[in-house]
Every structure is written in structure tokens, then in C-alpha cells.
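Next come two complexes, and both contain subunit A; in the first it sits with subunit B, in the second with subunit C.
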Partner chain A sequence: MNGEAWRAGIKKYYIYVVLALIVILFSVVKLGQVQMFGRGHFLSPDSLINLLRTAVPILTLSGAFTLLMISGYIDLSVGSAMSLAAVVFALMVLNGFSFLPALLATLLLGVGMGWLNGLLVMKLRITPVIATLVTLNLFKGIALLIVPHGLSAIKGSAEKLMPAWINDYARKAVLLGLPWAFYAAILVIAILAVVQRKTILGKYAAAIGGNRTAAELSGINAVRMGWLLYILVGFFAALAGLARASYMSLGDPLSGDGMELDNIIAVLLGGTAFSGGEGSVLKTIIGALIIMCVTTGLMTVIPAFWQVMAKGSVLLLAVVLNHLLVRARARA
Partner chain B sequence: MKLTENVLEIRNLLKDFPSVRAVNDVSFDIKRNSVHCLVGENGAGKSTLIKILTGAYSKSGGRILLNGEEYNPHNPRDAKQKGISTLFQELNVVDQLTVAENLTLGMEDTTLGFLRKTDKINKMVSVMNSLEPSIKPRQLVSALSVAKKQIVEIAKAVATESDIIIMDEPTAAISEGEIARLFQIVRGLRAKNVTVIYISHRLDEIFELGDYVTVMRDGKHIDTRPVSAIQDRSELIRMMIGKTVFEAYTPKPERSRELVLRCRNLTNHKLGGISFEVRAGEIAGFYGLVGAGKTELARAIYGVDEYQGEILFKGRKLAPSPDKVIAAGIALVPEERRSQGLFTILTIRGNVPVMNMAKVSRHGFINSAQERKVTQEYIEKLRIATSSTEKEVIKLSGGNQQKVVFSKCLFADADLLMLDEPTRGIDVGAKSEIYGIIRRLSEEGKAILIFSSELPEIMNICDSIYLLYDGNLKASLQNGPDIDSEKIIHIVTGGEGK
Partner chain C sequence: MKTNLGARISNESFLSLFMLGVLVVLFGVACLFVPNFYRPQNMVNILTNNWFIVILGIGVTFLLITGNFDMSVGGNIAMTGVLSVWFCQAAGVSQNALANGLGLPYTAALVLALMCAMGIGAINAFFIARLKVPSIIITLGTMMLARGVAQIVTRGAQRNTSLPDAFGVLGNTAIPGTSVKVAVLVMIVLVVAAFVFEKLTVAGRRTYLIGANPEAARLSGIKVARHITLLYLASGLLAGITGILLASEFKAGVSGRAAGYEFDALVIALLGGVSIAGGFGSVLGMFVGAVILSVVTTAATGLLLSPDWQFTLKGLVTFIAILAQRFALDRRKA
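== the complex of A and B ==
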């Protein structure tokens, strides 16, 4: 009994401990002359602001991604969906659209991409990994096609300037040095955390992920629910892509690459079972912050080509911990 | 090795499960090179006995002698090596391989990991040929019919010199013509030094095929006799059901006339045109053996499986989709509570309100205090043994889990409850509690359909009884003092009704 209580306690709190340890670790390391955003300490306001600004896309997206994974499904196309949204948003801004119409059109595009994934997985019953691998390539392919020949991204040029306001959303400080995009992400997290814990949608997601047959026999329309979650993920992937474009002042068709992996790591670090059934939006967010700390923290101390491997090690840690905790539950 | 007269001797065999003694002091012999049939109702202990023989379960007591030697298999593979092969209903062949590859699967001769052609294959193939020349060794198994796949498995068992082949309902999924061919082959096995233990619910097959028959009932051995010493199927049926004293059925004083459900000519892949009516407060029981179509009927009404025909619920046509059926006022307690009825990793509170979330929420927001309150109500009402509403369902006993499924369905405010095997795998005490709940519900005016393969259950609580065989409704009876259990068994085992 005592062992079980211990395990339950570890399961509940380990992610906070991991985050704290990482923050402490990078704070203690003497950064000396190493160039870090604004040449500051890891915990200096400048570097914190930078860390949170670059974390905006994953913070925006990973809440919806968690809900999808709780229901037992997955979307590998989120990175490409982000890229395509970034490219489309930048293209519209470059061609004279103002912020609001460009925002609405980008979000509508996100809904469309999510709808397509939902169609393939829920309606046509194609395995989620296969279906979203295909759309990953589709979305990325379209993004690459939109970018004119010879350019690497949609960006301003001498003849056609990118309006300066494009990075108002994700760069301009509005409160405590942080931009609108950050507060939007916080709002999204708050809403989705409430959705997961307090609403029927959250409950049905857990029910479908826990036992789809029982869910359907209990009258839950699993197809409709899953479809809705895919649309939600597409919507927030588009918002994340828009934030990325705004931050970089350009539409890079590769800017979302690897986002699916970051999301999966964050969700697993947050203790959601890969097979679905349970999980927590808030813990995923902690997981996302861990990833951001590791990447930006590492950026200051080790060469770039080591960073991918370091990130891989974090994934390994996440998978092993997740496995051990899930197994502990199965035995209990 | 000197061959004993009896290939298998079972002595005082016991098997205990946490709440029940499934095999109780069973002793009998199986003669070498005979076809030995094993019969009994569901729950008689046949399957448990077979699982001990195949090494899937270990016995709790007693002895088994195979060829005069102690036989104690650790697992199915071990059982096979010691000489007992089994033809399960779920066939053990790999569809993507050829017949020859399947025959030698797991016993390939290799050099440094490369397959070698040896005599083994030839020997296997020649056994195969002697049984069924029409099956070609290079053929893909996926192209074979179920019956021919069975023959491939039999050939493998014969070629590996099994002493005994256990066949579990081999005719359940094959056609008439194929059954005749299978019987020919089974009869031929005697000459190949193989004993067959044959399990079937179709009693006519026993008389056609068997040399000996062992009857089991309630985990006990009733009798073992040569089939020739049994007069007819009704004598066999009497042995199977014995003088079971059914808990007395008490007829309802008055019956409401309000029609709740009317099914007309339900037909699909399994059902052959089923029509019946159920009224408010009525408990209707559907009885039949495994594969008779009970679950399929429940699934059709519930809108899970497609069907032709018409279902009217309270005068309205029922849309074929579970969410709409539930909204109309029908709830199903499914056959497999763990895989179909429950969210086992969730708590009791996570399960009970799930079919009617509108009742515990406003504008999509769940009121967890309300959830806890209704869950507590059902815990008290159905006497679910738990310390709190927050206990994970997986930690409850089978009986209490079933009560959670009941709570879930009752909370859906259904006027018609469908119960598929409502007391399967739960102990006697919990069973009678569940019966009490069912009776109470019917007194409250709910119509109830029970789909069960346990006759005492049907005769104990149902007002009307419908008998299914092979997807067809063979008879409908009113329960009462003069109901004839022998006649019922006669009909559901394929005998002609009057």
C-alpha cells in the first residue's frame, strides 16, 4: 500500500520536479561569456521573455494536442499545418491584407486542415499515423509551392515591403515585456484546461480513449467527437503558425518542422498515456516548458548539432518514464 | 511403450476460481482410439476441464494420467508436445502462408537459420493428402474455407503424432456439406491411432459421431456411457439438466397492456426474420446456445449492427444508431462488461453518469457535486460495495462492476433495458441480487429483454421466453408452472419444435 501511495505521489508530481531541476541546473551553470539572448543569466528577465516568446507556438498548440491524444488519436501533420498557415498568413499580409482578415482566413485554413484529417481518420477509418503522415506531406508540399521559385520564404523585398506591424502580434511587448501572442496562448491553455477537466467534451475524450467500444455503446458519437478534436488541433496549429510568422516577420514553409515531435514529447512528459484514456492539459504545458528550457538552455552551452541529440535524450526520458508509470498503474 | 487401454484417465479433478468451484471432483476415463463426446450446459465445467487439458489453466487438485503417466502441462505448447492437440474455434493457422508452411510452422528444419527441405515436409504433406487430397501444399491458407483450415490443423496434429485431438465446437462455423466431410475425417482418425475429444452443443452430432459421451453439470461429472447405451436425445437432455430445481417463477398479478417494443421480420447476416412484441413491465427472455443469435439480436435493436425489417419503439420507428436509440429510451447492458460496458481506468463516478451527461451538466459544463450525488445514490440503491465514488472501477469485483454497468444504464432513464448475459462470471450471491434488481425494475414498469445462455436464469425471472437456434426464432412460450425445460433444451439444440 505504501509503495502504491509512493508511486501515485511520484506520478502526480514528478513533472514539476523535473521542470524545477532543469531551471535550477541552467541557472547554476556559469554562463560566463557565452552569448545568450541579450547576454544574460538564464533567469534574467530578458532571457525569460525570450524563452516565453519562442514557446508561444507550442503553448498555443499542445493543449488541443493533449485532448486529441487523450481520446487515443494522434496528428503528425501539425508541423506542416503550422508551416502552411505561416506561409499563407505572411502572403496575405505582404499583399495588403490587414491583421484581422488575415487572422480569420488563416484560422479557417486551420479548420479545413483539421477537418481533412478528421475525415481520413474518423470517417474513412485510416490509421491515424498513416493518414496524418500523408497530410503532413500534403500540407508541406502546398506550403513549398506557394513560396515563389528561388526564395526560401514569403518575405518582404525591395519592391514589396513586408508591413512592419506583422510582428506586433508575437513580438511587441504589451504587458510585462510579453506580446499578445503569449497572452493568447495563456488564454487558450486556460480554456482547454477547463474543457478537459470540467466539460462533457473532456469527459467524452477520456471515455473514447479509455474504451471506444464502451463509449459507442454508451451513446457517445465517437466519430463526431474525434473529428471535432482534429478540427480543434488544426485550428490551433494555424494560430501557432501565425504566431511563428509574426515572430519571424516571414512565412517559412519549414518553420513548423518537428512540431509534432515536440508536442508528443510534451504530452508524454505530462503523463498522458500514449494509448489515451487519461491525461492533463496543464501537465502537458509543464512538459512543453521543459522542452523549451532544454532547447534554449542547451543553445547557450553546446554546439547546435548536439542539440537534436539532447532533445532526443529528453524524448527517451519521457518515453521511459511514461512507460514505467503506465505499467505501475496496470499492476495496481 | 506399452499402450494402456485408456489414453486418458482423470481422477478427482478439481479447479477452483475465487468465487466458484468450476470443476468439482471429476473422474472418468477416455478409451484409446475412440471419439469421446463431452456435453453439458453453459457453466457445466466443460470449458474449464478442456483448458486444464490444454495447459491454459492449472488444476487445483486431483490427477490426470496420459498413457498411464502423470500429465501436468505448463502451457498449450507443452500439452502439444506431450500429445494433446486442440482445434480451437479460433483457428491457429497463418492465412498469409501456404499449407505446407503452416504444417511445419514452429518445427522447421534449418541450417544456420536457412530453411531446409526435409522429409518432415513430405511426411506432413502425405498425411494431409490422406485426409483431404483436394488441399494442395503450395496453396495459400487464406484461400481455404474454414472447414479446410480445420483439416490442415487436424493433419498437423496427426502428423506430429498427437494421441488426442480436442475439437471445440468444430461445426459451429461450417456448412452442412463440410460437416459431413469433417465427420468422415474424424471417423478415419481412429485408424490413425488418434483419440478425439469432441465438444458440441448440437446433440444430433453426438449420436452420429460419438463412441462415448460424458455429461457434466454444475462442475460435476454426471455419467460416462457408450453412446449406444443412450436411448435418444431426450434421455441425454435429462442427464444434462437433471432435476434442476428452478427457483420458482412467480407470475405477475396483472400485465400492463401498453406495447413498448415491436420487432418485425429482423433480418441480417445472422438473424433470419425475427418478430416479437414486448409490453411495459414485461421481462422477455431470449434463450439459445452459443451462436444462436442472441447478441446479434440485441446489437441489431441497439442500432450497432445493420438489419432489414422494422423496429417500433413506443409506436415510433427506431433509428439504427446507438446514440439515437439511447435518446429514444433504450439502454443495453452488453455481454462483455470490461471490454464493452465499462471505462475501467475511470472511477465509479466517471462511469455512472456517462450515458446521460445532460442530467449532470449545464451548457456542457459538468457539475461534479451533482455527479457525486447521483453516483452515491446508485451505490446505495444497487448496494455497490465500495469505499467511495472515486474508486477506480477496475478494482471492484465482477458483481460490483456489473452493478456499475446497471447504474449507467438506469441513469439513462430508459424505458426498455436490454441485458446481454447479465450474470455471466459473477458469484451466486451477486446473481440473486441482480435478479432482485431486474424484478424491481419490471415492477416499476420498465420493459426488459434478457439475452442469456443460462436456462435457470431464463426460467427464474422471465415472463415470456423466446427460443433461438441458428439465428431463427424457433418458439415463444409463456412462463408458468407447466413450462417444460426438456422441451426447451430439445428446441435450442436443434430438435424440431411441435
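== the complex of A and C ==
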């Protein structure tokens, strides 16, 4: 009985402890060279603002990604979808469109990409991993084709300047030094957390992930639900790509590479079962913050060429933690 | 009941023949539109250029038949290549850290590097066969792990100095009288061996049963976890062999080598009719798939499409192939 209570407690709070430990670790590791909260310290205001600004894409996207994984599906194309959205947004801004039309077109593109994934997986019933791996290459390929030959990204040149307002969304401070994009991401998280906990969409997602046949027999239209979730993921991938383009003032066709892995790590750290059926949007967000802390924190401590290794290790570690917490409970 | 030849061949052979037909048509179209496409030298190139993808495709195909992915092969190639170079480089010869290696004898270096490649396979197997974690998640993780080792050992760049002369022999020797490299011979031997394994051995046939119904396979006494473990070790070994051959060909261990090869290996398996739903596919089909991909990419290059087209092209070709195969199989059943 007591052991059960302990286990439940650990499962509920471990992720907050992990985040706290990582923050403490990175704040003491260089204390010999920098002052606590001073310039260059992990917890200095500048560094925190920077961390949260670069975290905007994953914060925007990982909530919808969690809902999709709870329902037992996966989307590996989110990184490429982000890149394509970033390229299209930058291209429109560079060619004189104002913010609103460019935003709407980008989001519409996101809906289209999500719709395509939904069509392939839900309607044509191609295995999710294969369908989205192929669209990963498709979206990336189109993004690369849009960028003119000889350039690495859609960006301003001597003849055609990128308007300065492209930064307004994801870089310019509006409150507490943070930009609009950050508050938009917080709003998205809040809405999706409520959707997951309080609405029928959240319950249905968990039901489909838990047992699709049972869910269908009890009258849930699994095809339509899954399709809707893919469209949501595409929509938020586009918003995330737009934020990335606005932050960097350019549309880089490779800027979203690896986003699917960051999302998977965040979701696993957050304790969502790999096979679907249970999970939490809010805990994924904590998982996303852990990844961002590790990525930015490590950069101050070890050389950049350790990054890939570090991320791979975090993924395998997240799998082990997830296994111990989710599986052990399921067996009990 | 009518029994004609068409009804007697298995679904796998049917799909292989179907894709062979597609290949012939594609080749004919390419010959019409692309200058010099019909030349014998070009045909030899089409059959042999993709040797590294075909070798990877063998492991990937058998794993797909059991219902598992292996996305770690590209990273594994980079890691094995870099490690084989590092082990071989002379020790303590230069101020430059990237010019100093461990100074091991050539054979020992290769054996050690291959063992490391199988180590990646062992990690995959442990998580997938023992802990039952979805293979896509784990192999994406080990992909980064292997690529990470390659980047750390080369500091994000490459190692190419103070190598013994023997290092470059394997990858640059041609079969006497032809321009065909030893690596292509390795590919042919491995494909034939895989074909024999698939058709004539008990273990080969068990692979299909595991993919079709893992629970039934377990109940009929097949050690499923051990079988999948061995397949992942084999896939790691094949990636290792490819890594060493490529490192030898360029006489360098490059940390960025083989990016995206895991996708190409998956694509040729899918083009060859392998199904992730399990229990379906063949090595010969995979080889036909590799030649199709080769024809398409060579024709695209011949038509002066920019290299940026390759991602889009591969994506489209794969979708069309998956849908066409499903359509053909449905028509056959009806």
C-alpha cells in the first residue's frame, strides 16, 4: 500500500524533480568563472529569455504532438513541415505581403500538410512511420526546391531587403523581455491542456490509443479523430515554423531538422505511453523545457560536436525512465 | 477451380514480377528521353552504383519482414568508418589531435570497428526485443548515438591522415579486366547469401512467421526475441561492412558520411514490395527496388534536374509504389 503510494508519487512528480536538478546542475557548474545570476550565468535574465525564445517552436508544437501520440499515432514529418512553413512565410514576407496574409497562408499550408498525412495514414492506411517518413522527405524536398539555386535560405539581399518587422513576432520583447510568439505558445499549451483533460476530443484520443477496436465499437469515428489530430499537428508545426522564420529573419529549408526527435523525447519524458492510451500535455511541456535546458546548458560546458551524442543519450534515457514508470505500473 | 500459372505463384513473386515490369517500362521510357541512357556502361553503373544501399537493404528488409525498423544504419556507417580510421592511424605522430590514432594493426582495427557496429545492433536488440520498445524510437536514438560517436572522434570533421597504405586497398581495387569494384562483389555475395537464407533455411522461413503473427510464432516454439536480436546484430554488421568499405574507398573517416542512407534503404525495400505489416517481402524484390531507384535518380540527373529534386522525387516514387502495389494485390485477390 505504502509502496504503491510512493510509486504513484514518483510517477506524478519525477519530471519536475528532473527539471529542477538539471537547472541546479547548470547553474553551479560554471560558478568558478561567472557570478550567480550574473552575465553569462545559466540563470541570468538574458540567458533565460534567450532559452525561452528559442524554445518557442517546440513549446508551440509539442502539445498537439502529445495528443497525436496519446491516440497511438506518430508524425515524423513535423520538422520538415516546420521548414516548409518557414520558407513559405519568409518568401511571402520578402515579396511584400504584410503579416496577416502571410500568417494565414502559412497556417493554411500547415493544415494542408496535416491533411495529407491524415489522408495517407487514416484513409489509405499506410503505416504512420512510413507515411510520415515519406512526407518528411517530400516537404523537405519542396522547401529545398523553393529556395533559389545557390542560396542556403530565403533571405534578404542587396536588391530585396527582408522587412525589419519580420522579427516582431518571435524576437521583439513585449512583456518581461519575451516576444508575442512565446505568449502565443503559452496560450496554445493552455488550450490544448484543457482540450486534453476536459473535452471529448481528449477522451476520444486516449480511447483510440488505448484500444482502437473497442473505441470504434463504442461509436467513436477513429478515422475522423485521427485525421483531425494530424491536421492539428500540421497547423501547429506551421505556426512553429513561422516563429522560427520570424526569429531568424530568414526561411531555412533545414531549420526544422530533428524537431520530430525533440518532440518524441519531450513526450517520452512526460510519461506518455509509447503505444498510446495515456499521457499529459502539461508534462510534455516540462519535458520540452528539460530538452531546451540540456541543449543550451551543454553548449556552455562542452564543445558543440558532443550535441548529437548528448541528445541520443537523452532519448535512450527517456525511454528507460518511461519504461520503468509506465510499464512497471501497467504490470502491477 | 482454374489453376493457371498466374494463380500458382506466391504473392511475393507476383509483386517482384510486377515491380520488374515497372522497372522495364521505366527503363524503356528513360532510354527514349535521356541521351545515352541505353549505353552498356550506364547499365552497369545503374546496377552497381547503389551497392551500399543494397547491402544495408538486406538487413532492413529482413527486419521489416518481422515488423521492425532499423533507422540506425546511416549513423552506424559513419561511426564504423571513423572508428576504423581512428584505430588504424599511427599513434603519437603529430601535434594535430586528428592525425593521431591508436596505431593498431590493420586487421585488428577492422575487427574492432565491426564489433562496435554490432554493438549498436546489440543496443537496438536489447531495447526492442527485451524491453519491447517501438523500434522506430530506439533506432532513431541509436542513429544519433552512432553519429555522435563519429562526431566526437572526428571533432565534427574528419580523419584522413597518417593512415597505412593498406587502408585504401579494399575500397579501390577493381576486379581484374573490369571497372567493377570489390565492394560490388561483396554486394553480390551478400545478396546471394541472403537469398539462400530467405528461401532455403529454417531460420529464414521463421522470419516470415514472426512477422505474420509474433504470438503464434512464440507459441509454436520459436524464440522470437533471440531471432530479432540476431537480425539486429546482422543489420549492424552489414552497416559496419559498408562503413569500412566506404572509409577505405575515400581513405577517410568522415562524421557526416551516409546521412539519409537509412531512408534510402527503407525506400528500396518498400519499392521491392516489403510490407511493414509483417511477414511479406523478399530480398530479390528489394534488389529490383534498388535498381528502380537507381534508374529514376540517374534519369533525373540525365534530364539536368538539380540535385534538390532528389528528396521530392524519392517521396513521390515511394508513394506511387506503395499505392500501386496495394492496387495490384487487391486486383489479384478479386
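FYI, the second predicted complex is superposed on the first by the 323 of 332 C-alpha atoms of A that agree within 3 Å, B and C clash if a C-alpha of one lies under 4 Å from a C-alpha of the other, contacts with A are read in each partner's own complex, and residues count from 1 in each chain.
In this section, a contact is a pair of C-beta atoms (placed from the backbone, for glycine too) under 8 Å apart; a residue touches a chain by one contact, two chains touch by 3 or more.
Remember, it's a predicted structure, so these values are computed and weren't measured experimentally.
Looking at the shared chain after the overlay, A:Ile220 reaches subunit B, while subunit C stays out of its contact range. When the two complexes are overlaid, the chain among subunit B and subunit C that reaches more residues of subunit A is C.
Residues 302, 304, 322-323, 325-327, 332, 334, 339-346, 350, 354-355, 357, 361, 364-366, 368, 408, 412 of subunit B are the ones touching subunit A in the complex.
Across the interface of their complex, subunit A is touched by residues 69, 123, 127, 131, 133-134, 136-138, 140-149, 151-152, 154-156, 255, 263, 266, 270, 276-277, 306, 308-316, 318-319, 322-323 of subunit C. Across the complex, subunit A meets subunit B through its residues 198-201, 203-204, 206-207, 210-211, 213-221, 277-278, 329. On the subunit A side of its complex with subunit C, the touching residues are 74, 76, 120, 124, 126-127, 129-130, 133-135, 137-138, 140-142, 144-145, 147, 149, 261, 264, 268, 274-275, 303-313, 315-316, 319, 323, 327.
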